[in-house]
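Presented sequentially are two complexes of chain A, the first with chain B as partner and the second with chain C.
Take a look at the complex of A and B:
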C-alpha cells in the first residue's frame, strides 16, 4: 500500500420508498500525504456521500456501503464503529461547508476545539485550552487568548471557518476532507481561507480532499482532480490534465459554461442543455448521454453500454469514461472546445 | 435613451437590538446615500460582498422596503413615499426575481396559479384569457406549457427559477430587479439561466438591475456595474472600463480574489490580499468605510468621506484612486 488513502470500488446505495438511489458507483482513487485531491461535481453527483463514506459516517440502517477504503493502511468499511472512532479526529478530520450550523452554539469555540484533542490525547483541560489557543493563533485569529472563550455567534463567517479548520487540525490528522469549505464565504475571505489551507498543508504535510463545485477553487489548490457525474467518476487526472486538456464532454461543458473574467462577455455562454439525471432511474449506458452533444457519434454505444474509466493513452494517468475514440476527442476538443475557453 | 430610474440620496437604516430597556436601538446602516441612474433597456450590475447593501437596494427600488430618506424616481414619478395602494399600478411595471427558487414559490400552488397571480393581484385580464397567457409565458422561459398543472416540487432548481422568471414577466414590466438569480443553481444550469435572461432583455427591451456577488457572472450580464461596500457605492462604470481598469482599491482587490479555473493563471496574477472581514454596519468606520482594510489608507481617509467623483470614464469614491 503506497498511498495514504486508497479507495477501491466504493459504492454507496440508499434504499428509499421510490427505489434504490445509487449515490456512488464503483469509485476508485488514491491520495498521497501532502497532496490535494479536488472532487468536483454538481449537486447529487455523490461528492459528499463519498466523503462521509471515507469517514465511516454512513448509518448502516440507511446506506449500503461496499468496496474498500484504506486510511493509513486500515480498512474503514469493515472496521467496527469503535475502531473508526479512534481514527476520526486523529487520522482524518472534516471541515464542513456551513460553519454556523456545524458549530454548537452553546459551547465556546475553545471548548469545541479542545474536545477532539482531549479525546485523543491524555492531557488536562488547561493543556487542551492552551492547545486551542495556539491553534486559533495558527489559523490567524487575532487575540486568541481572548477569542478562545467566545461563542460561535461572536465570530464572523470567515473567522468561524478558520475555527473549524483549527478544530480539524488540532490532532494533527494526516487526512482532511474539506466539503465546500469556502462556498458560504465572500470572495475576499475565500481567498484568505484558501491561502491558509495551502499554508497549513505545507507545514503539516496533510493530505486534503477538497469537495467543491467551483473549478476556480480547484485550480487554486488541487494537485489531482476527480470529476464526478451521477455517482461515477467521469474523468480523473492531474489538475492540468482535467482543467487544461479535459477529455470528457461533461468537463468540456463545465469549462465552457462558466462565466470567466477573461472571456468575451458579448458571446452567449455555451450552456449544457438539460438537467442532472435522477439517481433512482439513471439513463441507460453513459449517464451523460442525454445531455451530450456528441452522443450520436458512437452509434448506439453511448445509449446501450456504460463506458469504462480508461487511460487516454497507454500508461497515461489521465483517465476518462467516454466511448468516443481518443483521436476524435482530441479533434473535437481542439476545434470546438478550445475556441470557447 | 431615456432615464427610467433615478436614485438620489437613497438611505435605509434598520433598527437593531436595544442594549437596555430604555436605551435607543442600535442602527444598522444598510444603505447610505446612494446616487445612480439607469437608462431604459440597460442592465446595471450591483456587486459586493454579503452585507454591503445590494439586496436592500434592490428591495428599496421595488419598494418592498420604504427608504429612511432619499428619492427614487421611476419613469418620471417619485415613488419613495407612496403608500401600498398608490404603488399598485407601479408594481405592474417593477418586478423582482428572487435568489432561492425553492422558497420563493408557494409549494401548495400549481405553476399555473403561481404565474397567474400577478394578473389576479393587478386585476388585469390579458387578451385571450389568463390560461393562454400563462402558457405563452411558460413557453417563453423554456418550460413545457403542458406542465401548467404541476407543483413546484416536480421541477428542478433551474426549472423553478424559470417559473419565477415567468411570474416576473407576466405583467410586461419595464424594470426587473434580479437578486442573485443564479447563485443557488448548479454550474451547468447557471449558464442556461443567464442566457435566458439575456435573451429576454433583448427581445422585450427590459431594463435590469442585476444583483450578484459573482463578478464573472455580472460581467456576462450587465452593461454597467456598480461596486458596493458597506452600504456605499465605491465605484460605478461601464462594464469594460470597470473590469479592465478598476480604480477603487476595493474593486481591484475584489477582482484579484476571483479564482480562475486555470491552474496556470495563478502565477501570472498579482493577488491583493485583504486583511480581516467587512466591519459591522452598526458602527461603520468614519470617513471612507473601506479604510480599515485598505493598504493605501492615509489619515485623511479617516476624517473625510470621499465623494463619488468622475475620474476618467469611471465614477470613484476614493481619496487615492488608481
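Take a look at the complex of A and C:
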C-alpha cells in the first residue's frame, strides 16, 4: 500500500528577470498517516516552496511545478484549482510560520477558525463558533468562550500559534504541514507547542510535516528527516539513523552549529562557512562543494558531477547525496565531528 | 469613547477658533478699508463714518473678534438702543458688504447646490473608481487592467476646468442632450436637478474615480500578497470568498480615509467645479466673495469649510476605529 503522501520528482521553478530560480529540484519523499517528517534546511533551501506545492498553492502564480504529489491518492499537480481547493483544509492543512501576519487582523480568532470549518462542513454559524471554542479549548487556550471573540493582536505569540493549530485541525485533516511553527516563539513556548502537536497527532492520527532548521525540534517530534540543500534532498532517512550518524557534511555542519551549554564559552560559535548558493546558477557538481571542507577528498568529482541520492548501504533506507565513500564518511564523522559536539 | 468624542469636539472647536482668528486677522491687516468696501458706489464721508460705527470697525481688533465670536453663539445687535437697531440672530456671521444679506442666509442658500454636487459626484466616483480598481487588481496584467489604468493615469493628470469645458462643449453645445449646468432644487424638479447636475458630477467623478481606481488597485494588490490571504487559500476558501472577505476588507480602510477627507473638502465648496459650471454653491460664493473683498462672506465660507473638514476628520476616525480592530479610540 502506498503512503498517504507521496511526492515524486517534485521540481518548482520561478522565472525571474535574472533567470530561472530552481527552488526545488527533483524531490521525492513519502509520509504515512500518524507519522512525522522533519524537513530541515537553511533559508532558501526549498522547504517552504515544497510545502506550498503540496497544498497546490503555487497554482495561479508564476511558479512552474512539475512532478507528482499524491495526497490520499489524489494527484495535486494535475488537478484543477477547484479540486485541490476541496482538499485544502479538509485533507491537508498548514500551520504557518509567522502567526501575526498569517492571521487576518480584521477578523476575530473565532471567525477565522469557524471560517475554516464552514468551508468544508454544512453547519450554521453558531455551530461553527462552538467548534471554534472547542478547538481553542483543545489547543489549550484558557477561557475559550471569551477569547474566541478576541482579535489576533490581543493574543500572545504562543496563543496565536495555538490558534493557528486549532484552525488547521478544525476539519480534522490527515496531513498537517507545520512551517517553522515555533521559530518566533520563546523556548518554553516552543516546547509546549511541540508537545501539543505530538498530543494532537496521537489523538487524530494526523501525518505531520514539520519544516524547520532546528535539528533539536526534529529529534523531538519527527520519525523521518529530510535534509535539503539548494532545492535538493541531500540526506533522507529515519531520525534515528540520520541523527545518530549523519552522512552528509551539511548535516555535520548543522549539528556542530548548535550552541551547547557544556561547550567552552570562550570558544567562538562554529558555523558553516560561506553563504547559501545562488539558485539561479548553482555551483557545479555538488551544490555544497564550495562550503564543504571535505570536497577535495574525492579528487574533482564534487566539483564536476552532481552526486546521486543513494542508500548508504545496499537495502538501507538511509539515503545520502555525497561522493565520499561510506566508510570515509563514518570515519570523518567519528574522528572530526563528534569531538566538536 | 464618549470621552474621546468630547475631546475631539473640543479640539475641533479650538481649531475653528484659530482658523477664524487667522482669517479675521488677515482681512483686517489688508490695505482695503472695510468701511469703504461696505459703503458702495454712492459713498460719502458721513455714510462711511456711520458704517464704521454700525459695524463697530472703530473698536480695537480683539474686541471686534470677540464680538464676532459671540455673535456666532448668541447673536449680535448692531447699534444697540438706536432706532436703526439691527438684530442678527445666532449664528450671526455678519452681513455681506455686497448684498447686505446675512452671511448665514447666503450660506444656507448656497449649501444645497454644493451638497448635490458633493454627494452625487462621490457616489459616482466611488462606483466607478472602486469597481475599475477591483477589476484591474483581479485581472492584473491583462488588457483590461492596462486599459483602465492607462485611462486612470490620463484622467488623474487632467484638470476640472479642462475636462469640464470639453464635456460641456460636447454635451451641451454639440449634442444638446444636456441643459447648461446649474441648480434646480430636486424638490421642484428631480429630473431637471439631475440633468443640470450631470456634467459637474461626471467631471468630478471622472477625475476622482481615476485616483480611487489606482488607490483600490494598489491596495488590493498589496493585500493579496499578505500572509493572511495565503492562509485563507490554504483553508480551502474560494477565490470569491478570499477576494471579498479578506482582500477587499483589507484594502478598504485607506480608501475610506481618503474618501472622508475628499468629501469633507468638497462639502466646503467644490470651488473649481462650481466656478467652471457657474453653479451657485459655496465654492462659487467664496470665490466671488474673495474677488469682491466681501470680508464677512469670505470669513463665513472659510469657517464653514473648515467646519466640514474637521467634521469629516472626526467621522473618518470614528469609521476607522470601527473598521480596524487594532485602533481603539481613547
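Throughout what follows, the second predicted complex is superposed on the first by the 328 of 341 C-alpha atoms of A that agree within 3 Å, B and C clash if a C-alpha of one lies under 4 Å from a C-alpha of the other, contacts with A are read in each partner's own complex, and residues count from 1 in each chain.
What we mean here is this: a residue touches a chain if its C-beta (ideal position, glycine included) is under 8 Å from a C-beta of that chain, and two chains touch if they have at least 3 such contacts.
What you see is a predicted model, and the numbers here were worked out from it, not measured in a lab.
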| item | value |
| --- | --- |
| Clash-or-fit label for the pair chain B, chain C on chain A | fit |
| Chain B versus chain C as contact partner of A:20, first or second or both or neither | neither |
| First, second, both or neither for A:94, with chain B first and chain C second | second |
| Touched partner set for A:310, first chain B, second chain C, both or neither | neither |
| Touched chain A residues, chain B compared with chain C | B |
| Contacts of A:338 with chain B and chain C, given as first, second, both or neither | neither |
| Touched partner set for A:280, first chain B, second chain C, both or neither | neither |
| First (chain B), second (chain C), both or neither touched by A:85 | second |
| Chain B, chain C and vertex chain A (Cα centres) - angle in steps of 10° | 70 |
| Least C-alpha distance (whole Å) that remains between chain C and chain B when both complexes are overlaid | 5 |
| Where chain A meets both chain C and chain B, residue numbers | none |
| Footprint of chain A on chain B - complex, ascending | 49-50, 156, 158-159, 186-192, 194-195, 198, 213-217, 219-220, 239, 243, 253-255, 257-266, 271, 273-274, 277-278 |
| Partner chain B, residues of chain A touching it in the complex | 42-43, 156-159, 186-192, 194-195, 213-220, 239-240, 243-244, 253-255, 257-263, 265, 268-273, 275-276 |
| Contacting residues of chain C [partner chain A, same complex] | 226-228, 230-239, 241, 245-246, 249-250, 323-326 |
| Interfacial residue positions of chain A with respect to chain C in the complex | 55, 57, 81, 85-90, 93-94, 96, 98, 101-106, 108, 112, 115-116, 119-120, 151, 153, 167 |
